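My questions all concern the structure below.
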């Protein structure tokens, strides 16, 4: 097949859109912390993006998409992008474009994990952790689902990374939060988000970029991409309104709740976007909004300082999305049937894929965080935490 | 015709670009209000986007593009998107993509209307109003111009929504402002924009997204799209400089004036983008800047609190654009001639189309706003207005 | 050749992406100045964009790409875009799209130059200067490299404007700073960046838009575009980490350093993006980060108030990029060999092209700035500088 | 000399400035503050818990004046700042021992 | 009357407000300030040079009270604001000659 | 004790801090304010009408010191803050009855 310029154009665009999501996460998170850690939150996202971009071309891509080793990880045949041609292969676009597109996914996954580190992480330790996590958690999970690993073999469906990106990062953030411990003062006095408009800006960039994330994952400018685009938007809308309504019921309809619900809807539709129709996407989004809202309340009740709710929104939203894919998949859209069309196997395959990823991501993250904590120390000193990471880690002030 | 991947790629991109305009409106408006209503302004845009996205797939699209009923509105054949295939039709892209692209237009129209509600609207009443307005004002107007309704039959040209989106929302904002009444303190003390840089950011997002709005409306990646792209940019530039110059003449060249002029130019070129050449776009943009600036001064002189000038910029800019399309349309670009090429009929058709939409939007909005006001009450209490909508409606602080 | 919809789609998108970079520069710069000049910095970028857009269609494009006059400049055959057809030519996309794409490059070049004017320029003089500079510096340089001028004849390679956009604007900013003089108080008290998060936002927009800048410069949705996309991202990442590391070594790893390094990497890869491979891009970016960091320290030590380091980052980064293209160009990517592949001629051609542009841009800018200063006066009064340009030039407050 | 320290509604600031100007008092120092008094608080709410906001934005004006002018200026401020609703603010008068003009070094007391 | 002017850690504000409330003192005016004292500064660094930051964010509370209440309230503030670490802040007591309620014009002294 | 309250140009803050440090006075509380005095206002302008800005950004420093130190410190501030142009600012001296260190509870008066 020769190069298809339309598909190439769309994947170039989609890659750029997904790239923008990483600073989007930075601003989303940055608005939620206290002013003294605003720069730190945004900077962590940028640093992740730069680090993971390099890791990806050096060996991360190869670990994810290289020749399969035991269903678990790829080999190093593509390390340094050796053997990645520029000629369009069977897919109609240059393989190098696939590398670029997949690379921005790896970056945003790690950016989401910064939630668990918020306002207390030591920069040097964070950098080490980020490299380890991407290599030992993200890359294997990408291989499982998309690189020919066991999950794709058992038939677990993950269209655009609900499991690979969201379950993994959400549960990783939870593990990180447990190792690094609560922010000093957490639970004693309120830590009001210092700049909600910046969070709304981040949410706008995320919603925008997610069209590249999901519709780009069709890997073609075709009707699957169009369907993914549409259900992505509808699920986000439904999630936004569901969380808004639920928080209204219990108090006031906060804008933060609304955008958190939108992100919940976006997360949940991610694994499903190529397999479900618009009707299903309303249900998937709305239920995601409610589940993630509930998860956040649960987290608060437990006094867990997974500070910016990556677990509640990405982890639990991703989990719901994986199940929902197994429930709502319809042969008319993507060629697969889910539970509703009577295919219990699909549901089981998806549940297995999701839960295995969850356990793997949680446990390995726990171990990595523990190791980094014992060696470099994950956390800044109390005094540094008090003056804030902007000043103590970056020597800057927002 | 089979699917054209290039056109599909461009329409996916254009839809994403237009989506970003709705938060763009939120930030543009949010910077103009007082700090205590910043979140509110941005949140209204987000809520509109979520609500209208759902309304659109449930029945809005069908009302707009369903089988014609008396030239006035579409039937419900496409409700719930039934019958919307994913196979590329005659157009070369999947019909579902057209639904998505048109849906983001419906959302931004209602987002523009929030200008008339600024800093005083009760959230619950707003949500009801937004649903009614989109259904009873936007959907019929879209049908008139693009869905086979009477305006397209009489030959009124509206390339990308000058009438459907801008005249309608601009005059609707005026009607809303008349029903809801002035902000308390309006005219007594100054209500300085609290964050002009955020307005500039919103303007940047609008300008950027407008390329999708206008060049996407070619519904193909072709030379019409290219022409629309180019004239859009030039009209915006001319509008920005014209308003800047005019405000300089009367005082200082404010950045707000500049971006308001850019938006005026963007609005005015919208109906014309597929029909006029670059030379005409300079005139259209520059005159738009002057007309809208004058309209704003007139509005202020009249003591009307259409707070963020949707009427002056979108309403009057759209009106000028509709006339301008009838004047400058050239057969060389889009196959239609306007007044300058001696075709008075085109001018009349456009004037009729625009004025009918204007009257319809204004009157129906007046009635809807009145009904919502009498039932739920459009306005917050004086105390709530005093503390600001961020706290009183959302329980948040910027 | 008929119109290629995929290539057209990609170039439409790329043009929109590059457009967003100009406000991106505005926010990048705006965050770095003192609060009282925030609006001014952003407004200068917007004004440049509007002005240059008009200049470009009126005569700028023709001066750059019109029939060659003595290798130095284009003639006025295309003035007012006369003779620019809408039919796809040999390239597979409408020539008008090339005009639009090139136009946004001209705008951002002048926007970068605002660094040298920061916090002290008189608006009227700036507007005159911007028109002169674009016409007498940018347009000839674009002609030299891309319009059939002498530089393309001698074989100097500049893929996406490292010389035309970055060397020119960076050294122009230096010349401007020398003519306009230091900000009052420079060197006496600290002028702390007032809003680093806005600079980070600007950096995010720049990085995002740069994909359009470089990958769009392939002028097709093909494998050259894909390669350009990939190396752009990797060079940015390497630049970010290099500057971060270097500043860490000397103190703290500031977020500003990180994004400055990213921009340095983006600048340096610009001329090379279609000619080098991913491995080379790591070296190019990392070395760019270090060179530009060093240049900035040098500038500070010399007490030069080229306020926002356009010279250090764009000028010196562009210079390195021009050399690097001559060093790392590999026949496998773009058909040209550089020094490493034994082609000294390429290196010399690139060095000659870059240095000639450097000298021309610096000297002509010096003269233009001097003339404007002697006539209109480039600088505001001391009192106006003290209250800030937002108030004194625009009558506004951030 | 005395310092008149007035805490008022932000939207009355222009009126108070004008009123003071009419009394010939131009110099003043202004800063945004938050206050509570008889005005009740509001309950805020974030993604999770609720926060009580009982500090309402106000503007504080400090004017240092001759003893003889105090009453006149207080009256002017009161009149200009008053809306009659809870939250109109307070004025405090503090003794000032001396006042120095930085530019000239001239002292008053 | 006296003005109690307390400069405290921002994160202790809620505790101090509660403590004053418990003492029956509701009215107060609050503003963010920056201060230095025994607490050491920090060195900031921009693209080029370094900047010493020796001003740490604090919150300043002003409460105007009857003379008799001063000691009680100072104790309440101290208790609520104390963490025992350097940077806990200071309280100053200034004389106030009179206090006027803008809304009613009523004066106390 | 006295409170020296100095309203100065923002860009002179570093100089004043250094000058006070040289005099052995490290503790201080600083806040941004806006002021007007002999300095004339500026006219702002939004999309429509015009707004007069007559409040210029300044910085206010409060230092509580022993009576004996007042003159010396005032001189130091004046010298460091002076540019000789209108808008250099004012210094006011107010009586302070006592000063309490929150951390230790120790009082001075």
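We call the chains A, B, C, D, E and F, going by the order they appear; numbering starts again at 1 in every chain.
Here is the rule we go by: a contact is a pair of C-beta atoms (placed from the backbone, for glycine too) under 8 Å apart; a residue touches a chain by one contact, two chains touch by 3 or more.
Keep in mind the model is a prediction, meaning the values are calculated, not measured.
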Worksheet entry | Minimum number of chain-to-chain contact steps, chain B to chain E | 2
Worksheet item: Hey, what chains does chain A share as contacts with chain D?
Response: B, E
Worksheet item: Comparing E-F against A-C, which pair counts more contacting C-beta pairs?
Response: A-C
Worksheet item: Would the interface of chain D with chain E count as same or different, where same needs over half of all numbers used to appear in both copies?
Response: different
Discussion item. So the centre of each chain is just the mean of its C-alpha atoms; given that, what is the distance between chain B and chain D in Å?
Written reply: 44
Discussion item. Can you work out the whole-Å distance between the CA centroids of chain C and chain E?
Written reply: 50
Worksheet entry | Length of the line joining the C-alpha centres of chain C and chain D, rounded to whole Å | 50
Response to the item:
The distance between the C-alpha centres of chain A and chain B, rounded to whole Å, is 34
Practice prompt. Would you please write down the residue numbers of chain B that are in contact with two or more other chains?
Written response: 4-7, 9-10, 13, 190, 192, 201, 221, 251-252, 254, 256, 395-397
Response to the item:
Residue ranges of chain D touching at least 2 other chains are 31, 43-46, 50, 94-95
Worksheet item: Taking the complex as given, what residues does chain E use to touch chain A?
Response: 11-12, 14-15, 42-46, 50, 53, 56-57
Practice prompt. Report the residues of chain A in contact with chain E in the complex, numbered from low to high.
Written response: 36, 185, 189-190, 387, 391-392, 395-397
Practice prompt. Mind listing the chain A positions that touch chain C in their complex?
Written response: 3-10, 12-13, 15-16, 19-20, 23, 26-27, 30, 38-39, 42-43, 46-47, 49-51, 53-54, 57, 80-81, 86-88, 93-94, 96-97, 99-100, 103, 123, 198, 201, 221, 393-398
Response to the item:
The answer for chain D against chain E in the complex is residues 2, 6-8, 31-38, 54-55, 58, 60, 74, 77-78, 81-95
Response to the item:
Per the touch rule above, chain E residues touching chain D in the complex are 3, 17, 26-31, 64, 94-103, 105
